[in-house]
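Below, each structure is written out as C-alpha cells.
Paired with subunit B in one complex and with subunit C in the other, subunit A is shared by the two complexes that follow.
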Partner chain A sequence: MKNKGIIIFLLILTVIIVVVIVGDYVSDRPNRSRPNPFAYDVEAFKSVNPDLIHYKESKNFRIGFQEPAALAIQNKKIYVAGDRSLKIIDLSGVLSSEFNLPGKVQAIEVWDGKVFLAIDNRILIYDEAGNVLDEWQPLKENSLITAIAATENNVFVADAGNRRVIRFSAEGEMRGEFEGKADEDALHGFIIPSPCFDLNVNDENELWVVNPGLHAFENYTFEGNLRSHWKKTGMTVDGFSGCCNPSHFTFLNDGRYVTSEKGLVRIKIHKRSGEFEGVVAAPEKFTEEGQAPDVAADNQNNIYALDFDKKVVRVFKPKNSTGL
Partner chain B sequence: MKKLKYIFFIFYLLTFTLPVLAQQQRFPKPEFESGYVQPSTQTPEPRALSLEYFDVLVLLVVLSLATWLAIKKRSRQGILWLSVFTLIYFGFYRNGCICSIGAIQNVALSFADPTYAISLTALLFFILPLAFTLFFGRTFCAGACPLGAIQDVVIIKPISLPKWLNKTLGLIPYIYLSLAVLFAATGTDFIICRYDPFVGIFRMDAKFHMVVLGISFLLMGMFVARPYCRFFCPYSVLLNWMSRFSKWHLSITPAACIQCKLCTNSCPFDAIDYPTNEKEVLKSGLGPKRFLVYALLIPLWIAAGVLVGKQSHTWLSKANPDVYLAELLISNPEIKNDPDNIDVQTFLASGKTMETLVQEAEILRGKFYIGSMIAGGFLGLVIGMTLLNTVVFRKRQDYVPHKGNCFSCGRCMDYCPVEK
Partner chain C sequence: MEDKSKSKNRREFIQSGVRLSLALALGSVSGLALSKVVKDDYVWQIDPFECTQCGRCATDCIMSPSAVKCVHAYDLCGYCDLCGGYFKPDANALSTAAENQLCPTAAIERKFIEEPYFEYIINEDLCIGCAKCVEGCTSFGNGSLHLQIIHDICLNCNECSIARVCPSDAIKRVKASEAYHIKGDFSKNPES
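Let's look at the complex of A and B:
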C-alpha cells in the first residue's frame, strides 16, 4: 500500500484526537469532578500571634435587627440602621430613640446632629428625632451607594455601581464626581468587584477612599485629584487579600486606620503611614466565611463592630489603658 | 526545500509548544518568611473598546488584502506572509479570541436568549468573513484565519484522500455546527471554544490533553492538509455555502485553461475539480432516474433526522450541567454528603432549592427536545443533499477550483504557466 506508514500514523492521530475529545467531555461531569487541587488553605492565617492583638472584646449588645445594615458613632452615641429603621443607642448599649425609615439603609453618616442615610440610592437627612430635614435627588439608575462621608461644607458619596465618588454640597447640590483615575488616559480608576467601597474623612480633613480591587487606600483632594496612597496585598496579617478588601474602615481620632476585611474576616489597625500596627479582632472571633463587620470608633479609641452574621454590635477596647 | 520545512517545523514545535508543557500551575502563591516581598496584585483590564474596534479594522484590512492578493495580484507568496501576520496577530497576540469561528455561538445565543447582548465586535467578526466570502470566495481561510494559518505552515507532504472519505469526513463540520448551535442556544456550553485545538497553543496555557489535541492536529496536518478546516471547522459550513455564490472567486489560470494538467496535484486540499469525462458519466449510469430517487429520499432523510434528534434529546441534554446535576441528585441523593464533589457542594452553597433546579432542568430539556429535532432534520437534509450531489452531473471543460471547498490559498496559481 502506498504511504502505508503515513496512513498508520494518521490513524493513530485520529484515535488520539477522538480519545482526547471524548475523554475531556466524559471526565468533566459533576459526578466525576475531582476536588479542587488548588484550594487555598487559609487555616494558618486564622490564628494570630496573641502579641499582635492589641484589643479585647469588652462587651456586645443585641440590636434586634434581622438585617442590620450600617453603623456610625458621633457624640458618644451609636447609630445603627437595619430593618427599615434607625436606632440611637448610648455607648453602654441603652436604646435612646428609634424611628422608622422608608426603606432599607445602605449607608449612614452622622455630622453636626444630622443623620445622612442612603436609601434607594438617594440621600435622606434626618434629625435625631426622626424628622426629615432634606431629601436629595436619587442617583443614576446603576448607582449603588455604599458609603457617605460628611464635612462642614461637603458630603462625599461612594457609588459602587458606577465606581465613582460623588461630591455634594451640604445642601445636596452636586459639585463633581471622580472615578479615581490618575490621569485621563488611565484605563481604570476604582476597581470594585463587589459592593465594598468605603470612604472617610480623617482628623486633618483629608478624604481617603478605599480602592478595594487594589487593596489600596487613596487620598484625594476634594476635587478628585489623587494626592497619595498606600497599599498592602497579602494573606498574612499585615496585608489585605481577596477580591475586595478592606470592605469597611474608619479612623481613630488620631488618624490611624481601623480596617475590616471579608473572606478572612478580621479587624486591624494601621498607622497613618499605612504600616500595620496590630489586630483588633482575629478571624477566629467571627463566623467562618462571614461578612466584614461595619466599623466605627469613639473618642476613647474603642472600636465598635457591627457583626452582620451574629447581628450584634461588638465593642473592642484597647488592652493598653491609654488607648494607644 | 523539504529539509527546510522539517527544520521550520521542529523550530516551531520547540518554540511554541514546549513552553506550554513547561508551565506548571504555581497557585497558590506561597507566603515566604524570608522577607521576600510578593509583587502587588495586578488586576488585568478588559480590552479597551477602541482596541476591540481596532481588531475589527485589522480583520477588515487583512480580508481586503487577502482578497486582493488572491484575485487581483495572484500572489501565493503574499498570501503566505499575510497568513503569518494573521497567525502572529490574531493567534499569538490576540490569543485566538475573538475569532469568527467561535462567534457562531455568540450569534446563536443572542437569537435564543433575549437577555444576552452580543457585542458589536463579535457580530462583525461573524459577518465580515461571510460577506467577503459571498463575493470573493474563502479568502478569509486563505489569509485571515489564525487557525487556518497555523495548519497551513505545517503542511509538508500532503496526501490525497479518496473521494468517499473526503465526502464522509466532510459531514463532521455539519454535525459539529449543529451541536455547537444547539449547545450555545440552550446555554449549555461553547464547545467550539472548548475544543479549539489551537487556542491553548496560542495562549500557551492549555491543559496537557488540549496540548496533545493541538499537536495531534498539527502532526496530522503535515500529511492531511488543514484537517481542522476541512473536517471539523463549523464555520467552514457557512463559508462553503457563501463561497458557492461568489462571483469573483479565485481562478487557477488568469486566462484560458490550456489543459496542461500542471495544477492537478497542486492543491493539498483536494479542492480542484477536473474536466468532466462525459463517457465515464454515461457509463456509470448516473442519470435522471437516480437523481429523482435521491431527491425523493430527501424528505425521508429529514424525517429520519428529526426522529433521531427526538430520540437523542434526553442524552444530549445531559451535556447541560444543570440537567446532569438534577438527574445526578435525584438518582444519587447521597452525593450531597460528598464534601469533595465541587459541583454538588457549589449547588448546595448557592441556596437554590432542589425544586428550582429540577424546574430549570425540565425547561432546558424542553429546549433540547425542539433543538435536537431541528438539528436532526438539518443533518438529514445535509445527508440527502450530499447523496444527491453524487449523482448530479456538472459539465466542466477546464480545471477549476471547487468554489465551496477552495481555501483561496493560491497554491494552484503558482503552477499555472499561463500568463495574462
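Let's look at the complex of A and C:
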C-alpha cells in the first residue's frame, strides 16, 4: 500500500515534469521565435556560382579599433583610421606607427606621403609621423564628407550632405564644385539617400564618382563636366541593388573597379567598361545585414576590406597568380 | 437651559462635520479629475532603432489587423525609383504591377513626383504591420520606413501581447505625451 502511494506520487511528478518541459518547448517566448512568415527573402541572391569567385581570403588582422572608420593603401602600407587615431600597418599586418587624432575620421586618402583625413567636416593633412601639415577650413553647414581623392595638384572631396563634389587645390584653395547635373536624361545630379558617396581617381587620372541613387559610375573632368558613365541596377550578381550602392569602391592598378555593397553585402570586380567580371567576396563571407566594407587595393591587385562588423582588415588574394 | 445649549452644540458639530466631509469629498473628486487630466499616462510604443523586423507585430497583436503600422519618415526618405521597401528583390521591372510589390497587402502606394523621384505612401487601413517593407528599406535603403503602434487603434493592454514576445525588447512603455518615436535623426544610427 505504501509502495503504491509512492508510485502514484512519482507518476504524477513525472506527468508534471513532462507537461512543464513540453509547455516550455512549445511556448511562445522571444528566444523561441517561430520562422517569420513575412521575412524579406534574399537567400536566392546570396549564393554565388563558385566559378565567378576570382579571389580567396588569404589572411586577416585585428586592428584593435572599437569603431573602425576608413582604410587606404599607399606605398605598401595600410592606413586604417578609427577610434580617434590612425594606424599605419605594413602589408603583412605588422603595426609600423600610430598617432592620435582630434576627432572621428570620416574619410582618408594618402598621396605622396601626405595623409588627408576628413574630421568634423574639414580636411586635416598629416605626415606619417603624426605631425599636422595643414588644416583647411570646415565645409559649409549640412556637409558630410564621405570620400577624398587626391592627385598631384587637386584634392576632390565628396560631400554627401550637400550632394556635391568639391575641388580644392593641393594648398586647400577651393577651385570649384559640381552636383553632377547634366542635360542628358540619364543624369539628374547626385542622388544620395544615405551617407554612401564615394569617388576616386584612376590610373589614367580620371575622376570617377559614384551616383548611388542611380547605381551609376560617372566620369567627370576636373572642372565637373560629365565625360562618360555606366550603370547597372539589379539584385543579381552583376548589378547594384537598393538605394545606395555601391557604397565604396577603389581601383585596381589597371583601372578595373572594386565595388563594395550594402544590403546584400558583397565585393565585386567590374571591368573598365563597367561589365561585371567576378566576385571577390560573396555575401556568405560577411555578417548578415552588416555594413558594406571599405575597400582598397595594393599593386599586386590584392584587395583589402575593412570589415566594420568584425573589426578586422581582411585580405583577398587573386586565385590566379597573375592577379588578372 | 444648559441642556438646550449642549444639544445646539452637538447639532452644530454634526452640521459642520457633514459640511467638512462634503468639502473634502468634493475636493478629492476635483483633485482626482484634475490629476487624470494633467497626469501623463503611459502607452506602448516601438523603438524603431531596436526593432529587428521579426514579423511578430503582425501575428501577435490582439487586434486584427495589428495596431502596429508602418510609418514613413518623409524627411529621411530618398524618394528612390528602386525602393527596397516597395519592390520585391526579384522584381522583373520597376513598375506598380502586383507581382513586383513586396507588401503582401499592397499597402504602399508609389506615386511619381519628378524624374527620377517617387513618393511612397502607406495606406494604414491595409497595413498589417508585418515589417517586410521595413526590412527591405533598412537593409537596402536608409530606414525611413519603420513600425509604430498607432494609438487610436491600440487598446493599450496592461500586458502588450507583442511586447511579451518581441525578441529585441523594442516595445516599451512611453509617456503618452511622447507617444510616437518617429525616425528622422541620423545621429542615432549613422549608417543604416
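We take it that the second predicted complex is superposed on the first by the 278 of 324 C-alpha atoms of A that agree within 3 Å, B and C clash if a C-alpha of one lies under 4 Å from a C-alpha of the other, contacts with A are read in each partner's own complex, and residues count from 1 in each chain.
We take it that contacts are C-beta pairs under 8 Å (C-beta built on N, C-alpha and C of every residue); 3 or more make two chains touch, one makes a residue touch a chain.
All figures in this text were calculated on a predicted structure; none of them were measured in a lab.
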(request) Check whether A:262 is in contact with subunit B, with subunit C, with both or with neither, and answer first, second, both or neither. (result) second
(message) Quick check on the superposed pair: does A:38 touch subunit B, subunit C, both, or neither? Answer first, second, both or neither.
(response) both
(message) Taking the superposition on A as described, I'd like to know which of subunit B and subunit C A:188 touches: first, second, both or neither.
(response) both
(request) Would you check which partner chain A:213 touches, where first means subunit B only, second means subunit C only, and both and neither mean what they say? (result) both
(message) On the A-aligned overlay, A:235 touches which partner chain: subunit B = first, subunit C = second, or both, or neither?
(response) both
(request) Identify the partner contact of A:131: answer first if only subunit B is touched, second if only subunit C is, both if each is, neither if none is. (result) neither
(request) Mind working out whether A:273 is in touch with subunit B, subunit C, both or neither, as first, second, both or neither? (result) neither
(message) Just checking: does A:13 make contact with subunit B only, subunit C only, both, or neither of them? Give me first, second, both or neither.
(response) first
(request) Tell me which partner A:100 touches in the superposition: subunit B (first), subunit C (second), both or neither. (result) neither
(message) By the touch definition above, which subunit A residues appear in both interfaces, subunit B in one complex and subunit C in the other?
(response) 29-31, 33-34, 36, 38, 40-41, 188, 191, 213-215, 233, 235
(request) Would you mind writing out the residues of subunit A in touch with subunit B in their complex? (result) 3, 6, 9-10, 13-14, 16-17, 20-21, 23-25, 29-31, 33-36, 38, 40-41, 187-188, 191, 213-215, 231, 233-236
(request) Spell out the residues on subunit C that touch subunit A in their complex, using ranges where they run on. (result) 53-56, 58-60, 77-84, 89-90, 102, 104, 115-116, 130-132, 135-136, 138-142, 164-167, 169, 186, 190-192
(request) Give every residue of subunit B touching subunit A within the complex, in rising order. (result) 25, 27-28, 31, 38, 40-41, 43, 45, 48, 157, 159, 194-195, 209-210, 212-213, 216-217, 219-220, 223-224, 319, 321, 324-325, 328, 332, 335, 340-344
(message) Residue numbers of subunit A touching subunit C in their complex, please.
(response) 28-31, 33-34, 36-42, 44-45, 185, 188, 191-196, 213-215, 233, 235, 241-245, 262-264, 289, 291
